[in-house]
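Scrolling down, you'll hit the structures one after another.
Same chain, two partners: chain A is paired with chain B first, then with chain C.
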Partner chain A sequence: MARRGRRRRRRAENIAGWGFASPTVLLVLVLTFVPMGWAFVLSFQHNDLISPPHSVGLANYKALPNDSELRQAISNTVYFTLAVVPLELILGLGVAIMLNQRIRLKSFYRTCFLVPFIASAAAEGILFTFIFDPNFGAVNSLLHGMGFTRQGFLENPDQALYVMAAVYLWGYIGLNIVIYSAALQDVSAEVLEAAAIDGAGAWARFRHVILPTVAPQTVFLAIWGLIDSLQLFDLIYATTKGGPLHATETVAYYIYDLVFGGVFFAAGYGAAVSVGLFGFTLIVVVLVSVLERRTYGAQL
Partner chain B sequence: MLRNANRPALARFEGLIVTRTREGIGMRRAIIRTAMLAAVIAAAGCGGSSSSSNQAASSGGKVTIVMWHGQSSPDDKLLANLAKQYMALHPNVTIQTSSGGTTTDGMLQKVTTALAAGTYPDIAYIYGSWAANLARSPQVADIHSVVNDPAYGWSDYWGSERARLTVGQKVIGLPAVVDNLVVMYNKKVFDQLKIPYPSADWSWDDFRAVAKRCTNPAAQTFGIGYPTDSSEDTTWRFWPMLWQGGGSILTPDQKQAAFNSAAGVSALTTLQQMATVDHSMYLDPTNGKLEQLFIGGKTCMRISGPWELLDYKAAKLDYGVQVLPGTNGDHQTISGPDDWVIFNHDSARVQAALGFLNWLDSPQQDAQWILASGSLPVRASVMKDQAYQKFLTAYPGVDTIVANLQNAKQAEPNITQYPQLSKYVGDAIVGVLLGRAQPQQALDDAASKTNSLLAVPQ
Partner chain C sequence: MSDVAVGSSRPAAATLKAPRRRRLPFSAWHLVLMPMALMMVLPLVWMIDTSFMTAAEINRYPPALIPGGFSLAGYREVLQNSDYPRWFVNSVIVSGIVVLSQLLLCSMAGYAFARVRFVGRRVVLIALLATLVVPFQVTVIPLFILLHDVGLIDNLAGLIVPYLTTVFGVFLLRQFFINLPVEMEEAARIDGCSQWGVFWKVMLPLSKPALAALAVITFLDSWNNLTWPLIAITNSHSYTVQVGLTSFQSQHHVEWAAVNAADVMTTVPVFIVFIIGQKYFVQALSGAIKG
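Showing the complex of A and B:
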């Protein structure tokens, strides 16, 4: 009897639990999984979202390797990610450590770094197209004043992607600084002191005490940064629209262009590219987390 | 495709409508035409699958239709007011106007998703270059049997508009606005530099020389700005130059690219010289700064159209307007009409949508509309309306732009592959302007891509 009563109680708790969770679950299902499923179905169709679709089997996927614009978009995205993610982590931790010193107006500085993160990518993008304007922008005025030649920046296909990376870093570094700042509070002062007494220098203290302590946050930020930069869209949309000459075209922007850009009308093929991007991101994220777990296994 | 998004399409008009008399020849003609449409559509059996989407519906002789115009304030209010006026005249029709939750730039995206979801409107504002692709939708109405009736007056509309709306055998809507490219110049800057104002018979060499004179690296001034985002904005400024030299975009059977001809190379070389030799051309990869640079006197000329006139007026800019420079005396331009595309829910709603658009496009309404917005008349008979004279005085130079409609002798090919073709050519132009490619090689490259594209059966 007692056991049955307990079971009944547990079932009642389960129902209550699901009752609380169901609105969120429903939202996630409707707004995330249904569109994902639809995109998956689309990827097997010739579909322009205008005329009646028809099934094409794997044709969209088979076309992927022959798409030179996609190849460029992938290489742009990979270069961008490789440039941005390590810098985000290094600069984020560096600034967080500096802000962790006993300095005045510490929280003011922290706020300053967080503000760009709060600002919208569209606003940032527009702001920086003016700052980096080759003819009238502040950066070139500065360079010119210092005796350097003027640069093309967003006008120059060789520089545009790196300018985008710099703007992106400016906008997103705030998150890393805040997370690392919080993590640094967990670094035990006693351990640091003990290490110092044992003769550990600043670098050794950083390498063997601080870095292992913030390892879980590093894994989180690395994965977060990877997902974010592999799917970069908003900043590109607000500034260069993938140009000049596809130099800043990321995979996510290319997908948008394929489906909604008013040029290709290729929703089916675009969906196939997006399934590819999803799969690639998933693999990279799993690899990174496995690698980092292996490295910092003890702490995670 | 910023050209019409930037254009404040339907400006402060509300005050004017209130004082309009609603009777008159134009109005009567519109009513007769609406009645005629009803008969033709009924005869043609234009009914399609009826949809319960939107709350709009037709029942018991009353029809509710939805219009997505993509306009923001104050233009949205203007359209709402026009709809209200129309509803007062036609109590059995209810028109719900809204932006559609987007801008004209985002309308295609909005409409395609709405089509997929079955919640599409009855009327939407669609850029001309999207028309061919949108026409593939079975939900897009076909009104060719209506407009092909000789009594309809379809020929009163400009040729470029009719060409854009006719996709194969289908006619998918009525013109919303029309424009064409001219050269605007900053009179103050011209006076300061003692450059004589351009005359109607000027050539591209004259144009280049003027641009060079306006260029001053120390003062950071340029002759002209050019959008280098490889968009339709990049391409459509190039087509008139190609046409003037006797070139064409495609071969007559529309199966092969023809823009890499000597005429194309010569046109692109002119632009190349300005960008890479004279440095008289400001290149804008964001395609968002050029109008402001012209208004601010940083570029002394601008190749643009009537949609910017309201902004010039607001900025109190002392500007002049001249036709495009010519090649061997040919001053062809290009006209980029935008459309009110009609979608088919059922025949009653198509009929109501057509009735409203006809009324909107009637000479009387249109004459008032252009006065408020600085747009060009959508049809020739508008120029006979009394209000038209007021329009000419309200917008200095607009008479040149209206007259220039006659110079729009050719249109972009109305094929589904056009937007992609445009992008290939856009890339070619940008590559050359950035000094990364030579005109012949860049155009050949774009032509070979175009040919493979056209070889794929649609």
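Showing the complex of A and C:
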């Protein structure tokens, strides 16, 4: 009797569990897993979305190393990521620590820092195209008023990527500040005071009390930040469209341009580039996780 | 300490305290925080400011800092001479349906993964979470072909279907449900409530903060989405506000007052939602990572 009851209950749990989960599971299966496999298949094809596709073996992958535009896009993406991710973490933690002091206007500051994060990439892109406009942008007027020469900013190939990084940082940093702020609530004031009494200076307290406490958040934010900047597309589309002279073209933008942006739909080759991007993202994420485990032990 | 050495006749304790207070009437942190906060906000203030200027005021050199009057020319231009009102309605429809759908589907799945002991739940959850690392660029090409074949390209439904549920939303609610006490659920079960009844009548009413957070995050995400609508919509009648906004930029002559007016109108809805839901938004974002 008891066994049959248990079995019946287990069956009921299975039905209920799968019943609740199945809409999501089915949708993710059809809209993410199937496309993932499909992208892999596409990457071995010549496919222009119009004429019937045919297999070309490894030809798409073999063409990757000789693609100079891709090489430029990879270098832009890597430089951008290397510039932006460490700054996100340092500034995010720095501001969060300042907001954790006994000061006034805390919620005012928090709102100020978070507001750019909720504005859309399109809105930000258009706003900063206007602000950095070489002719009648606010920044150049300001520079000129202070006696400096006007700059090309987004229209200067040597400056555009840096300006993009600054704009991106402006819109992104709020996330890190909020998450670090919440994490700092867990750094107990007593421990900090005890450390101070024991003679730990500000740096020692930061290094040995604050940093270890926020380590899980740092790992999460590093991975999240890496994924986000390695896939940067929308802000580029809304500002420079990869220009001038491909100076701000990212890998994600290049894929869009290959498949959807031009006259030809290079879906097969674009898929090969996207599989490469996937592989690279995966390697970076795994590396960061391994590094984290080495440094802080298996906390996560 | 050097202040003491300078040698005023006052007792040392008082000298230690007093100069500090005299130098700065507020915490020194404000000297760093205030300029940074202004840098965050000023571009947005400038956007609102210029949206009320006339073309002459914007094109003047140096540009006017404060508009001479509240010129609504930019707004009038966008609302009367472009499809902007229609794009706005499109965005409201898409975001509205996506939010409702995610509230239902993500909370159902989140509840199942948190509370129901069904076969395969661990494997399935891990498989779902693994998709978070997959770049959208990988799935977007086949997704386009797939939706094209079923006739959902250039169709608002094509903007909705891929976002009916998200792994992020499922995970967010799972983390919330896991931390709810089991007692109420068990009491309801003993009273003869079905699993669906427990979920619908007991769990959902308890999870209003988490649902509010998901609604805010989903709305921001859906309203602000540029990449997918840009690919899935070619007909300008079906644009969302974000795609419409970028389409102004491709025009030869950019009317900045009008573009900034459109920028403001596109951003106002997310501000309103954010101000209402800021508390939940912040709680959920920080809570999801701790879990």
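We take it that the second predicted complex is superposed on the first by the 287 of 300 C-alpha atoms of A that agree within 3 Å, B and C clash if a C-alpha of one lies under 4 Å from a C-alpha of the other, contacts with A are read in each partner's own complex, and residues count from 1 in each chain.
Please note the rule applied: contacts are C-beta pairs under 8 Å (C-beta built on N, C-alpha and C of every residue); 3 or more make two chains touch, one makes a residue touch a chain.
None of the values given here were measured: they were computed from a predicted structure.
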item	value
Joint occupancy of chain A by chain B and chain C, clash or fit	clash
Partner contacting more residues of chain A (chain B vs chain C)	C
Contacts of A:I50 with chain B and chain C, given as first, second, both or neither	first
Partner chain in contact with A:W18 - chain B first, chain C second, else both or neither	second
Which of chain B and chain C A:V187 touches, first, second, both or neither	neither
Which of chain B and chain C A:T129 touches, first, second, both or neither	both
Touched partner set for A:G243, first chain B, second chain C, both or neither	first
Which superposed partner A:L226 touches (first chain B, second chain C, both, neither)	neither
Touched partner set for A:P157, first chain B, second chain C, both or neither	first
Touched partner set for A:V263, first chain B, second chain C, both or neither	first
Contact residues common to both interfaces of chain A (with chain B and with chain C)	49, 126, 129, 136, 260, 267
Of all residues in chain C, those that touch chain A in their complex	26-27, 29-30, 32-33, 36-41, 43-44, 46-47, 50, 58-59, 61-63, 105-106, 108-109, 111-113, 116-119, 121, 124, 127-128, 131, 133-146, 161-162, 164-165, 167, 170, 195-196, 199, 220, 223-224, 226-227, 230-231, 242-243, 245-246, 248-249, 256, 259-260, 263, 266-267, 270-271, 274, 278, 282, 285-287, 289-290
Chain B-touching residues of chain A, taken from the complex the two chains share	48-52, 126, 129, 133, 135-136, 154-157, 160, 239-241, 243-246, 260, 262-265, 267
Chain A residues touching chain C - in the complex, by the definition given at the top	10, 12-14, 16-21, 23-25, 27-28, 30-36, 38-39, 42, 49, 95, 98-99, 101-105, 108-109, 111-116, 118-123, 125-131, 136, 138, 141, 144-145, 170, 174-175, 178-179, 181-183, 216-217, 220, 227, 230-231, 233-234, 237-238, 251-252, 255-256, 259-260, 267, 270-271, 274-275, 277-278, 281-282, 285
Contact footprint of chain A on chain B as seen in their complex	1, 108-109, 112-113, 115-116, 127, 129-130, 133-134, 136-138, 220, 222, 228-231, 282-283, 285-289, 298, 416, 419-420, 422-423, 427, 430-431, 434, 436
